[in-house]
Structure formats: structure tokens, C-alpha cells
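Encoded as C-alpha cells, the structure appears first; notes follow it.
Just so it is clear, A, B, C and D label the chains in written order, and each chain counts residues from 1 on its own.
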Amino acid sequence: MTESTISKSFKRNEDPRLLTGNGNYIDDIDFPGMLHVAIKRSDYAHARIKKIDTEEAKKIPGVVAVYTAEDLGDYWRPGPLQVPPPTAIKGSVFHARPLECIAKHKIRFSGEPVAVVVAESRYIAEDALDFIYLDVEPLQYVGELEKTLDPDAPLIHEDLESNLAADVVQEVGSWEKAAAEADVVIKKRIVTNHVAGAALENRGLIAVWDDNFKILNVWATTQGPIPMRNSIARYLGLMENQIRLMNPDIGGGFGPKIMSSQIDDVVVPWIAMKLKKPIKWVEDRRENFLGTTSERDQVHYAEIALKNDGTILGVKDVFYHNTGAYNPYGMTIPLNTQTHVISIYNIPNYYTQIKMVFTNQMVVTPVRGAGRSHGIFVMERLLDFAAKELGMDPVELRRKNILPPEKLPFRTGVIGQDFVENVLDSGNYPLALEKTVDAIEYEKFKKEIQPKLRAEGKNKGIGVIMFTEGTAVGPYEGAKVMVGVTGKVNIVCAYSNQGQGHYTTLAQIAANQLGVDIKDISVVIGDTGQWQWGVGAFASRGITLVGTAVHQASVKVREKALELASKLLNTPKDELEVADGVVRVADVPEHFISLGELAMRANPTRGTVEEGMEPGLEAASYYGPPHGATGYGCLGLILDIDPETAKVKIERLVITDDCGTNINPMIVDGQIHGGLQMGIGEAFYENLVYDDYGQLVTASFMDYLFPQATDMPEKFEIKHLVTPSPLNPLGIKGIGEAGAICVPACFMQALEDAFEGMDLDITQSFMGPSKLFHYVQKAKGA
Amino acid sequence: MKPAPFDYYAPTSLSEALDKLTELGYSGKVLAGGQSLIPAMNFRMARPTALVDLGKVKELSYIKPTADGGMAIGTMTRDSVVEEDLLVSERFPILVKTIKHIAHKQIRNRGTFGGAIAHADPAAQLPAAALLLDANLKVLSKAGERWVKAVDFFIGPFMTVLEPEELLAEVVLPPLAPRTGASYQQVSRQKGGYAQAAVISTVTLDGADRVKEARVALFSVGEYPLLASKPNQVLAGQVPTAEAIEEIAAYVAKNECDPGTDIHGTEEYRRNLVHVLVRRALTEAVQQAKK
Amino acid sequence: MTQKVKVAITVNGTLYERDVEPRLLLSDFIRHDLGLKGTHVGCEHGLCGACTVLIDGHSARSCTLFAVMVDGSEIKTVESLGTIDNMHPLQEAFHEKHALQCGFCTPGFLMTAVEYLEGNPNPTAEQAREAIDGNFCRCTGYENIVEAVQLAAKKMAAH
Amino acid sequence: MKIEGTHVFNGPREDVWEMFYDPNVLASALPGAQKMEMVKEDEYKFEMNVRVGPVSGAFTGEMQLENVVKPDSLTLKGGGKGAPGFLNGVGNVKFKEQEDGTTLMEYEGEVNIGGALASVGQRMIDSVAKSMIRTGFETLDKALAARLAAKETGAKAVEFKAPTEAQFAKEVAKDMVKMENWSAETKLVFYIVPVIAVIILLAFILKSCGA
């Protein structure tokens, strides 16, 4: 038997191409005669459209067309709901208001498209934007979450009775009972930060209509090629196979690129068919900030009930969730928040209510972390406040309430984003805590180091928090694995890759069954012309779902190869092995047949075949889990704060994570690194700010602070636990979001710890130095 | 994010450049390194109708020592060239330190010494350095030359005494006196980012360690770089003490700067930074002077 | 206003003579006029560094320069380093250290690092980190990039 | 959002009020004003060319004037838009006589700014706004002093030198002189409204950027 290719840090197959400038990203695709689109976006946050005058813009040399909602005629209609709400939660309310591709009667956020220009170059298209005159009746902006439901709040969708987008209550046990029996009940108003996905590459879409073959070729930076293809087909009245939607290389996704039914995929293909010209739209950075989706904005009224010994009796969390001007992405984010408040703790009584509200802000859809970090932030903050109240050490309080391994799998009783009950499937939570506490030398820091530092007037603080990462949710993904006549292997799927390393990890999974060098395995991701079925890249589900499908398909192909080889080599299957690109007799290795030869033989060109025979050395497989797999971990931070300037330096960062089997540990660590960077960004740098009139005032990297190299700690110290998930044959859980989930809660605990004797009482997940300065000033005054 | 169209002129000599600026008047704008102007043009915040690119006016790019021990720097000299110049680092180490805080290498490789001063961004390092080092600015137009002291040059955010037909041609730095120490102190949200408050200081001591002159330039805390007067008033002729420095720092923070509140920091926070940074700057400059 | 200006710019050793609009950004000139797509555009306001190229040996953001400004200059882009089959030691180091994920920012990092390593053949981790501070990466958290720059220094010294 | 501000003019209220009728003065305090015209009785249009450092662009706008009580108070509503963005505002202005013979100008209002100006111009708004308010009032102070001096000496010509950046303003002034036979209220609208509007707009920006 050859060596396993699983749990090995293979260098990535895709690297040489990307490193040498041979990547092929959306804006790298050019066609002769291609026309370029620029979008006229509203400067107003809330307004009624009186008139849009495009006449002057049309006169500019080089401008080919200008379209408004009116010009789209019958083609204009509100988009479909990309994610429906779950039906399993009784009594829940959801008012679906999906996106309008171009605003027709009303503008609901600043940055909303009102017209598109098609021109010979992007430069000319942008010139024309200045000559589109938008005449509006400005309306009052609605932005403050807690005021959106006031009786006198202006209505964003005027056919609704209020700005309520959804109301969902879930309860396990009885909060009332827990509160009544508790020794201590703590209530806090907790606010989570509003951040952007900010992939380095902006979004883009190219559409080319082939009028001879009636085929629409589309290249898009989407994280969900199949849903986008289907959406375009439905809009344009085409069959699915008349559209070939392809992912080029994608320069980062982080959530917002999953959104479809926006102006790009609705209007650009329509223009391509209308003008019969290749059409390109590539978003610029300011548009990305204004018009692409963002996340994290919630206001929680959270309570925790405990006994004096620290035992949690219950948690109540009623929160406002900002969905922006529309809610095309359903309930995914706030449902994640509901499931993640529980985290890894034993909470017998839990009441949670979502009040999803419309605001005059950009649409909210998942950004790496997607509701999870908010839930973790709320729970961990509550525990910190409780520890303070009870005079307990924060780590001790956590120890007391962690679910022990023997309680797993643990059914939480809360319906999650995959519409089924959230289950904590596997792991050893206390061990993750102890591993981190040991590695960061928590006891020593608290008992020996910190007292000395304090005596020297230094402000260093330590934080340790726990987290879960709900990953790998359904419904399903699929893949096809094929051995070619050259003996090389090809994997096709319609997932989407934005840098996660699928070209390598999926190859590793197939190689493990097929005994081929991973360099001889090519992977096609996100080409609907090659594979028809799938959902998309979200919820850290790629390797678990597609990987399992690839694994299952590879097992089938291996089986097929063995069957065929058994006949050709006249040897029973169990005496054969698949290795080094051949099937051979285990004891007589020189007696073999190559996989390429088998592939030839698997497609007979003359003669007859047995009934039921399936040609080709290929197989397809689908995988859909019963529910998501839950990763988890523990983060420890030591922060060094200059009390005079409130500048914060991360002195140490230790993370323990359990994402089940690591297909490629190098890539797993890379995912943790990137997640941590976003988490650090959320806690200390990144912050989308709207002014009181609904203007986004942070629409550039001058004001939206992108975490830089020197903002990171010297080292991300990563510890691993590996508890294979029982849900899939390879035992995988996702890892994409862990780092982004855990940082803010830990950051705030460490900050509070750094200022001994002061009650900073931090209730928000963003803490820039100026804010910290004022928190300290306030605490000093108290 | 593509710039609006403009007319472009690339004179190859100084006289040609001055002719062009006179001809264009208010509709012309000088393009030096472009590192501030072009981003603004890409956002279409700036829409100059004509640019006069000085990139080919080679005679504006030089670093020359002056006989008195100072330096003369041509306006088109790249920041990174000044940063790496050995004589500059010998005569004005504080200038090198200051330049290292300008954005990142890629920007300093294109940004120009005079361009940054003429741009007069209130958050920029070089206008403040010019002020601190009492630079003499040579202003040229077709009509002739005039010299302006840095302290008289800046009149508002992005505003200077330059008329549209004029250009800043040379920056002359008078020599630093012996026993002069200096310090650069800045707090920005990120390395290379805009300062929330910044202080550059020089302190010159006499043989008895009494202060001959204390200069403190502040930037990013007002409409243009500011030269605080309190430090020299208090310290001149005195042996500097921690108490005196603290008193100065508190005074300057309260009375000699005008920071505003923006999304990154409140006025109160930034005044606090000025307080801390003035103290740190003077303390370090004094220590350096003693070396 | 369709004034065109004649420029002669050498890119990766080849002299290109073109008539360009003055407002054409150098990044667009390299990518779309010359077809060298390895240089990427991430922000177009001079902060992210994805468009970094070398101009007469010095790193610069090609999105905040007009092509006309570099008339007569010599430009190097990522395509000048190595090929898929014969990577530059810096590219090899990025590969070995997993210093890229989506790869979009990578060419900018490479061009920044290639200039840096020329003058700093043996950087500490801290120095390497500062050297790449003007380039944004959203995927890696930078740690592996820092290690790759250090590894590249070793590889280049051995060459 | 509510805003408030005050400025003390060193002269009697009638002179301050009158000063706002002098096109030379007002135009110079409003650099970039290019053209103004009456649309109907209470509605006016203007064009401005704003040039502040790297920011430049043409704005067109409308103004409405209400509750004019000479020389005491007025309310203005207005807004402008241009390629870099838009401005909208409502403001109330009062002139109060002080015991020491000076005039206290009180302004309060509500303004919002949109577009690129708001979304990417944050960094410069604070210092630019402060500077414009400062220089605007400085110009008016000087103008007032010159007027009062002229009045004292009985000189016909007022010696007042507008700032050099006022090229555009001078052009406006020429246009305005042609409208001499317009009613006082109309003139008021033309001259005073944009000045105060700009001051209020900028004062608002200063106070609206909460951290």
C-alpha cells in the first residue's frame, strides 16, 4: 500500500502559475470589441426617484448605451431570494425584500445603482456617469438599529407595516425559570462592529453572447457559480446549458462574492445579449465599499443567569440584526448568531430572539465569520462580566461550564442556518482550553509576571476565550473524478476557489485512492460547462462537502479500475493494489496495467458491452451532511498597551483549534492565519462608518483601515487537536472562519485585564485607540 | 476609479515649465511625484484641466551641500533619494528619520521633496520638517525668484502662498547648530498611515547644558504644520527639567494646536497625544543633544 | 479631449512605443495596452500595493502614476522574475512557505521584496515584516510572507 | 443633526447687515462662486467652482429664503450638487446687537454632505472646513473694518483687498453689480445666502464627525 496523501503539507499545485503572473483573474480577460460598464450609484441614502436624465451622457463620444430601470422594461424585476428562511421555526416572521438590480422608484441606500453606462472604455464610461442627472425627493435616513422600529420611523419598504424584516424566537428550557432561580443576573447592551469583506480583488463579471450557437459565456468572481448560472438562466429565459459560467482565478472572497442577483449578474448578461458584444464590468474599490455587501452590525440585549458558584443557569439574548436595505440572503447570519451564543457551554435554558431590521445601508450578507463571531462575542463578554461580578477567574468560570467530551454529540435544540437542529458533533473542549492556558502560561502570567509589570506601571493584559465554528453545512456538493487516457486524473466540481487551496487538497483526496502523484491531478472548479451541480463556497464547507464527494467518487473510480484490471490481469481484486499510476499485483509488482491503459479500455470503441456497464474510468458522487460539523477552539492573547497613547501591541497570540482531520496542515494553518488577521482587524482596525445621513464615510483604504503586516503579532502560535468528525468518512470539519470568529472577544478581555482596578466594561467589538482612551478616562472618573 | 481627462504638458526645462505655468494660470496644476494628486484624481475628487509634469525637468532634482553646512534640495528630488543620501543623514539625521515615516517605500520612491511641501497636506511630514528646520523656500516664476521662509509658506490646508504661475524650486536648510538633538514622535493608526498627531523637535544646548533653542513642530493637528512657541519661551537659557518639559507639553496640547474630531479619534484624544508626544520629543531631543 | 502623447517605455527588456491618453494609468497601460496581466489592481488609490512594479529599479505603485510620466523609463513587472518551470528563488520561497493563497496580491509583494532584498540580503523577521508593510494581503496574515522573504534571502545568497 | 456657532462682528448690526449687500465683499468670502440667477420669487440657482487643495469641482445648487426680518434674522434652505457629491442644509441666522457695539451672529442648522466628498474625503474635511470658516469670517471682518473706516472718513471708495484666490469671486461680483435695481430681499438672497450656507455647511461638517 502506498503512503497516504492525507494530513500532509503538500506544496500547492496552483502556486507556480499564480507566482509568475500567469493567474487569470476576471480583469485579465479581454476580448476584441469588448465594451465596459460603469454603474451610476446614488449619492442619496433614502430618496424617491423623480427623474433620471441620461441624454447628455449618451452623447459622449465612445458611450454606446445608457440604461435605467425604465429602459429595462419588462426585464426589470426584483431579484429572487437567494437564501430562503427556514420553515422549521414555528411562529417566525420573515418579510422577503430581495434586491432590485437597478433602483426604479426608490433609492434605499447610498451606493444603490440607478443607471449603467456601456462605453468603449472604463474611462469613458466613468466620464459619462457625471452626465447622468438624478432628480430625487430625499427622504429621511433610517440607520440606528434600535430606532428602526419606532412608530414614526420612515418606512424603507413602504408596503410593509414597519422596518421589521424578520422576527424569530427560539427557546430551550425556560429563561424565566433560570432567572428566577439565579443568584446573579447580568444584563448588558452589546454592539458588534460593522466590517467589510475587503478581498484584494474587487468583484467582476464578463458576459459574451454567442449569437450563432445561442450560448452565453460568463466569467464571474462568484463564490456560487451554479446558483448564479441558474439565476441568470431564469432572468434571461435560457436553459441552464445555454449558459456556461466560469470562475476565473478569484482574488479572495470572504463572503460578499457569494451574492448574486445584483446588478452585475442581472444586467450585464442582458446587455451582452442586447448589444451582441462582449461586456465587462469590474468593480472599483469605492464601489466595493459602497455597493458590495458587508456585515457584523448587531445590537444585543443579553442576559446571563448564574449561581454564586459560577454555574450558568441560562442566557437570554434579544438582538437587532441590521440587514441593510434588502434581505436577499435570508436568515443565515442571525441564525448563526443564535447557534453560536451557546458556543461550547452547558446552557440549560436559552431564550434568543432575532429582530432583523431594514436600514438605509448597504445590503448585509455573510462576511467570514458570518454571525458566529457576534454570538461568541456576546457569550464570552457575558462570561467576563459574570466572572467580575462573582469574583471568579475568567478561565475558572469557563472551566466550570464547558461541555465535557462525554456529552458529545450534544443537541443544542436551536435551529441553525442549515434549517436543522444545531449539533455539537465531536471534540474535547476542556482540553482545548487547558492546552491554550498551558501554552500561554496563564497562571504564571497572572500570578508572577503581571504583578511585577503592574508594579512597574506597565499595562499588559491576558485574555482566554473559547469559541465554536459551525461549518460544513448542507445541503450538498458534488464532484466527478475521471482518469484520463494519459493516466492523469481530472476532478471537476462547480464549487468556487478564492485561494483556499482546493487545487491541491482535492487532489490529495483523490490521490489517496488512486495512487497518482498529486501533480498529475488537475482540478476544475467552478465551470458550469463541465459540471452542473453544486451550491457554493460559504460556511467553511468546501473540503468537507466537495472533499467528501471527491473521496466517494475516487473510491468508485478505484473500484472500477480494480474490476477492470482484475479481468485484464486475471487476478482477484483483493490481490491487486493501486499505486504509482498503475494497478498491479501486490506480490508481483512487475505485473501491472497503467491507469491510462485502463481508461482506454474503459471506453471500448467496438464490440459489445455487458448490461449495466458504465463507460469511462470516472465516477460522480454527491455528499450532503445531516447537519453541519462544529469546529471549536480556544484563543489566548497577551496585549501590551501604552496607557498614554492607547496604542495596543499584540505580544502573544496562542490558538488551539480542532477542525477534525487536516487534509493539508499547511493550508489549515494558512486559513487560521488569515482568519486571525481579519479578527484582529475587526477588533482594532476595521470599521465601516455611516454618518447621520446614511453616507458611508469610510469608502477607501484611507479611512477603512486594512490590517497590515506590522499590525500582526510576531507569531501566530497554533496548537492542534484532531477529533475526526463522525459525520463524514474523512472526519473533516471546516476551518475557514475560526480566526475571524474568536479575536474580538479575547481582545476585550485582555484589554480589561490590562487596566487593573478599573472597570472598563467594554461592550463593543471594535476598540480603536481613541475609543480605548475614552473608556479608560471614563473608568478613571468612575 | 479612472481620472477625468486633462491636458498634459511635460516641459524639459525649467524655463519652459515656467512659461507653461504662466500661460495656464489658474487652470494649470503642477504634477511632481503625483503620489497625493493622482489618488485624488482617480476618485475624481480632483479634476485639474491641465497638468504640467516636472518629471523631465532634470535641473530640479539634486541634493547639494551649502557652504555654511546646510543643504539645498531640488524640488523634484525623490523622497527616497533624500532618505538615502549620506550627507543628508550626516547633517540632518532627523530629516532622514522623518522621511522614513512617509507612507511606504513605494510611495517614497516616487514622491518628491518639494512636491510634498507645495502640496501642504496638514498631515504630511515634509511641510512640518521644513518648518522645524527653518527652511528657506525658493519660489520661481517667469517674473523671477522670491524666497519664502517655511513659517510664512503655509496658509491653510493644502494652501500655500504659491501663486498659480509659480513653482517651488528649491528647499534650503540652514545648518543645525552643534549640540543639537532631535526627535520624531508620531502616533498613527498604522505604520505608514496618516498621523493622528505628530511632533518633530530639535533642542540645541550650550556648553553648560542650557537650552539655546528649542523648536517643536506639530502636524496633523491643525490646518497646517504648526511651530509651537511655548517650548523656546520656557526653555531658552534654562537647563531643561522634566517638570518644565511636562508643563510645556501640557500647554502646547491645550493652546498651540487645533486637532479636530474625526472617525479615527476625538479632539480630546488627539490633544492628549500632543501632550504625550511633545513631552517625549523634547525629552529625547535633550538627551540626544547631550550626546 | 483626446490628446494623445507618444511614449517609449521599456518593459521587461522590450521597448514599447505607444500613443496614449495622458490620463491612462500606468497599471492600465501595463495590463491592457501591453497585455502583461501579472500586475494587479486592488485599490487604485496607492494603498494596497498589488500593482507594485519596478521603475528604473525602484518599486512604485503603478496605479498612482500616469503612463506618460514614465516615458523613457525601464519597468519590470512580475513577468520578469521567473517562469512556471523555472521560478525565481523568491517565487520558490513563496511556494515553499505557503506565502500566498488567492495570489492576487502576490505579484506586488514579489516586486516589493525583490527590490528590498537587493539592498538587504539578510533581513531579520522584523525587518522583512517592515519591508512588506506597504502591501496588503487579506488571506495569509502575513506570517508566511515574512518567512518567505527571509527564506528567499538565503536562497539568493546561495545562488 | 443640529449645529450651532457664533461669530462676533466688530461693528453695529445695520452695518453688518448692509455689508452683506456688497457684492465685492460677499463674493470674496465665497471663493469659487460663478453665477447666480433667480428661478422664481423664492427660489434661486447658483453655480460654484470649488477648489480646495486637491479637491475641485463644479457645483450647482438652489437656495430658498424664508422669514427675512431685516436686520434681525432669516432662515435659509438650500442644497447643491456636483460631480464630487452634494450638500443639503437648512439654517437659521440671527444678528444680535451687543452692548459693546459689536454684532453677534448666531447660526444653527442642519446639513448633510453626500457622494465622493463624504465617502472618501473624510481625512481632509475637518481641516479644510475649519480653514474655510476661518478665512470666510476673516475676510468679512476685514471688509467690515474697511467699510467702517470709509464711513468715518466719508470716503466714497471702500479700500478692501480681496484674497488672491478670489478670481472667480470677482467675476461674480461683476455680474451682481448689474442687478442693482433688484429689490433688497433679492440681493440679500444672492449675497448672504450662499455665504452663510457655506459657513453653516462647513460648521456642520466639523461637528458631525463623531468618533
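Brief remarks follow.
To be clear about the criterion, a contact is a pair of C-beta atoms (placed from the backbone, for glycine too) under 8 Å apart; a residue touches a chain by one contact, two chains touch by 3 or more.
In this text, all values refer to a predicted model and were calculated from it rather than measured experimentally.
When the C-beta contacts at A-D and at B-C are tallied, the pair with the greater total is B-C. Averaged Cα coordinates give chain A a centre that lies 50 Å from the centre of chain D.
Look at where the CA atoms of chain B average out and do the same for chain C: the two points lie 29 Å apart. One simple way to say how far apart two chains are is to compare their mean CA positions; for chain B and chain D this gives 32 Å. Those residues of chain B in touch with two or more other chains are numbered 1-5, 41, 43-44, 191-192, 194, 263-266, 269. In chain A, the residues that reach two or more other chains under the touch definition are 123, 130, 284-286, 697-698, 700, 702-703, 708, 710, 768, 770.
Residue positions 21, 23, 44-45, 130, 133-134 of chain C are each in touch with at least two other chains.
The full set of touching chain pairs reads A-B, A-C, A-D, B-C, B-D. Across the complex, chain B meets chain A through its residues 1-5, 43-44, 187, 189-194, 196, 263-266, 268-270, 272-273, 276. Chain B meets chain C in the complex at residues 1-8, 10, 31, 34-35, 38-39, 41-43, 51, 53, 55-56, 80, 103-107, 109-110, 191-192.
The part of chain A that touches chain C in the complex is made up of residues 9, 11-12, 14-25, 27-28, 30, 123, 198-202, 249-254, 284-285, 498-501, 666-667, 669-670, 673-678, 700-702, 706, 708-710, 712, 714-716, 739.
Within the complex, the chain B residues that touch chain D are 26, 36-37, 40-41, 43-48, 119-123, 156-159, 163, 194, 222-223, 258, 260-266, 269.
The touching residues of chain A, counted against chain B in their complex, run 122-123, 126-127, 130, 284-286, 644-647, 685, 687, 689, 697-698, 700, 702-703, 705, 708, 710-711, 768-770, 773-774, 777.
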